[in-house]
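This is the structure I want to talk about, given as structure tokens.
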């Protein structure tokens, strides 16, 4: 039985990690911490856990926590994780970081997050936790940079074509629509119900911090430099990201041919489902699940891919547990189906 | 042309007052202020006003504003208005206060709001701005205590029966369901989209600060002390309050008879609509309007009244303008239909 | 391994039964049927099941289905189940009926559903499937009348007080707020998004067909005739029912005392959680779970109970599986936590 | 006082036309019809109109209606209007058709709507009612083909660039997100609350019937054949369309330069607002208004335009009234601000 800790237990991703692990057969949650006013049982903070997990949640204390865990999930804001991860790594504990802190090269990180990285020693050894691309490296990793929610769907929706060099590399446009939990659990006027409901907006157009992450991974897949156009939108729903992706084919392919390429690329991967010709995924097909569902359509020389995930599952906590399963030699789908 | 100022222009009630007055034929908005980081045009804060009202909104400065207005709307949080109103009253300007600061007797105010009232000199002369009950006093008022959103629907739904002494005075139960704008425009985790959407809760059960306001006015109507049971609920929608009100009849009455009593009571009042037998109002019938719609049903000796309003119109800004119209001798419905 | 069939697999309750059973360790779904245009895999109707359950869903054929199931869930509209259940009962298969067809006495059924009951032979032997009240009878039942969604929360919120004869039996008012899935999955203008969203209404005030069901069970609990006031409301959310219940105490009790009574009454029952003094449940605490959470508050001689359930879990499919677990001698919580 | 009739008064567009005209100073609604079970006052169908308009709504009878109107709004489904418009035109009445029946050439119509056009005699004289492009032709028109909701925002967001020949004509991608009222008021499982809420989907990808309409008008603007990529999405909100439009610049332009081009192009047009650099419109800025708000951003050689409208106002009823104002020589903005 793996002993697991969660740092940042009171955010949406932290809550979701707990929700999964409470029903997971291979682990036991032993430690919880969060920035809170006073120590209290997690079931008092989230009454949904009453009777399921009444463990005390205490204030951040990585040293203490590292004494009683085998693996730790850092469900922390960006710029915070990099101060916490080293404590666990030094104590020889495995770390799955759900923030952006270990996803980018340190130079790119500085540009997009505006500060010098605090843990340059570990950044190079972090493995990007997208199992559909990096399964073997994840197996042996001690530090996982768990992918961002937007990058997960976007990368999975594009990788097969770039890998096959079947699209014009400068043609990629990602138009993403996200539910509100993707923005985190915090007081913020812009996220308040009356501002978001019956509203819809594009934001950080082509300058969202997930763009360099998408570019980095797609460049690795393509073996050459990729620079996408990326527009995120905020949608009045709690969970889910749907990305509509436009790519220019550089060879004659029809929808059926493209579907075959995607199915081959993701063969054996339990959490990617490619839809039949004429069908497209919706958020309701993936919400609360760890699946990434992808539908494809060729029109002229344009390929339109629609990729759907639940931002808190495949886009955060579910993928984090998937990574843990791989690292621990468990069934990759344990707790996730 | 009446010169009008709005203090607290960036809250939901302030925004709504402006939205009404911009289209009102008898007034001109001359001054706007709010607690903001820097002066900027209101159309920059609310782009919906672009081209309609580009007036500068400045930081709170009642002295300055009082020099260029005939009447002022205070769309401020509770406990703030009472510091601002006296400045305008001293300058002989009319004040319509949308907060709770002038609705209660000072002793009751202290109990429910936890502090000593700061403007005891004016509290006694304030007129409760519910035109359906106090039309004549409003005409001559210099200071209006504009009713709360919950009290408006609840009082209008009960007053005819208490006035007729037709119900058991200890039997009144008000079960109210409110949209989220009723809680104001502010960063607050409990009001964030992901917490409110797909959720529903009762709160401040029988201890909401609008309860003493309901009790005060209903006691005036009844001529004896009334103490209601009042449970507010937060509903995942932007606007609207539906109150389901349960009363025990103390004389044999059927639905038709009760409807007649309500219609007689509100005869000549332009903003109360009593539904025919067998019909009940919904939020969609009143939203964005200044109407209070009431449906009635007698079952056994229980009378069930369903009263609907838009919390920002009849429950706040619309009623405030209705009061202004009456005070200024304008058509009561100007700008409101 | 119990072989299970679902009739009405394409409604919300049917979908939810499948969602639970697919992950249930003691059963295997062997048969699915529904009123559909053409036979197709359930994963084609609900793509969320892709890879989880690709079983063919065929048109209604109870005779055929009864040959390959041990137990069957009837997730059918009212007035349809009573034509189907006898086929399975005759074949000695257990039936859990999620409709209202076996919940009422036949005379009352005729009054509320407007037609003569078609299966009077089995109606008397049906057991009302509310395990918190009828656990022992459920164990031996062959035909379960699975409770309605409104009655489940309302009855659980009132039973302890009636059982203790601690309230005035004529004083019970149930003000219920329900999500939209409670109305079923069907084309209906009144249920369309644009009609329900940003709207709120009371409907069938004190004449909803769940009222006689509540009265019947509460009368059994009280040992005398109970007649409640019941007002359902439609809320713009997918799932969940919150019932605010008002009762007049007939003896001096405080909140703490009442909480103790409820905890004692539900002692050992895994799916009822009674909240501590000062705390009330919200929909988010129970949604997607099989719990009924209850909060209590005494004010004067009025007891206010707030009872929350997920209408598709504890209010339908979850409770149905809970009943199946009890009937089959499995752990009552299997598949439900 | 212009006498106005509305055919299809009970759909969302019809309701919205009435809502506007009831407050319009230059017209009087004299006739209403719709496909309904029995004649009844419009205020009984939409209680929001109680006291504002209690006119009887009768079953479709164009001959009768044409006797008492100067102008008629046809708020009918596609394929129905073309059977009704000729009756009014023959009687020398002006017609504003909100359906698609007169927007396309008859050959294209047949391809996209699957049937032969029934009124080929009038199709050629119909004027496309987008005042920002065709103001002068609208002035003299007898038959207006009121634009579709998607085309309105999309065309306004692209026209200035095509007119200036500043973009690669084959590069246009329109990714549109629409609220649910755009689909009309009708019983339809796919539009029911529980299917749409907490969901999101792309549909009719590059094969929506509004695509040929966009292509036709943009081709007129460009003076050459234009073929766009167009993906509509259904968003869980009532009203509003936000289109994110991607275009490849064929000359070096920066954001400021592009903004200037748009402002020049729409100079003097009261309902198009171009945002300053760094600002983008949201649905909340235009909802319930007749504005089309456009924000612009150049990144590399890509221009991203974000165009927002209210689908029932500028995208249907509001634009229809704008056209009526122009035809009748009234102020273009009457009733619309």
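By written order: A, B, C and D. Residues from 1 in each chain.
Here is the rule we use: a residue touches a chain if its C-beta (ideal position, glycine included) is under 8 Å from a C-beta of that chain, and two chains touch if they have at least 3 such contacts.
In this text, all values refer to a predicted model and were calculated from it rather than measured experimentally.
Student: Compare the CA centroid of chain A with every other chain's and tell me the farthest one.
Tutor: Most distant chain from chain A: B.
Student: Would you say A-B or A-D is joined by more C-beta pairs in contact?
Tutor: A-D
Student: Starting from the mean Cα coordinates of chain B and chain D, work out the distance between those two points in Å.
Tutor: Taking the average C-alpha coordinate of chain B and of chain D, the gap between them is 36 Å.
Student: Starting from the mean Cα coordinates of chain A and chain D, work out the distance between those two points in Å.
Tutor: Spacing between the chain centres: roughly 39 Å.
Student: Please tell me the distance, in whole Å, between the geometric centres of chain A and chain B computed from their C-alpha atoms.
Tutor: Chain centres of chain A and chain B, defined by C-alpha means, are spaced 45 Å apart.
Student: Could you pull out the residues of chain D that touch at least 2 other chains?
Tutor: Correct list: 195, 197-198, 236-238, 282, 284.
Student: Considering only the defined contacts, which chain D positions touch chain C in the complex?
Tutor: 12, 179-181, 185-189, 191-198, 236-238
Student: Using the touch definition up top, name the residues of chain B that touch chain C in the complex.
Tutor: These residues of chain B touch chain C: 173, 175, 177, 195, 197-203, 205-206, 229, 231, 233, 235-240, 242, 244, 246, 280, 282-284, 287, 297, 299, 302, 304, 306.
Student: Which of the residues in chain A end up touching chain C in this complex?
Tutor: 23, 46-48, 50-52, 198, 270, 273, 275, 279, 281-282, 284-286, 288-289, 291, 293, 337
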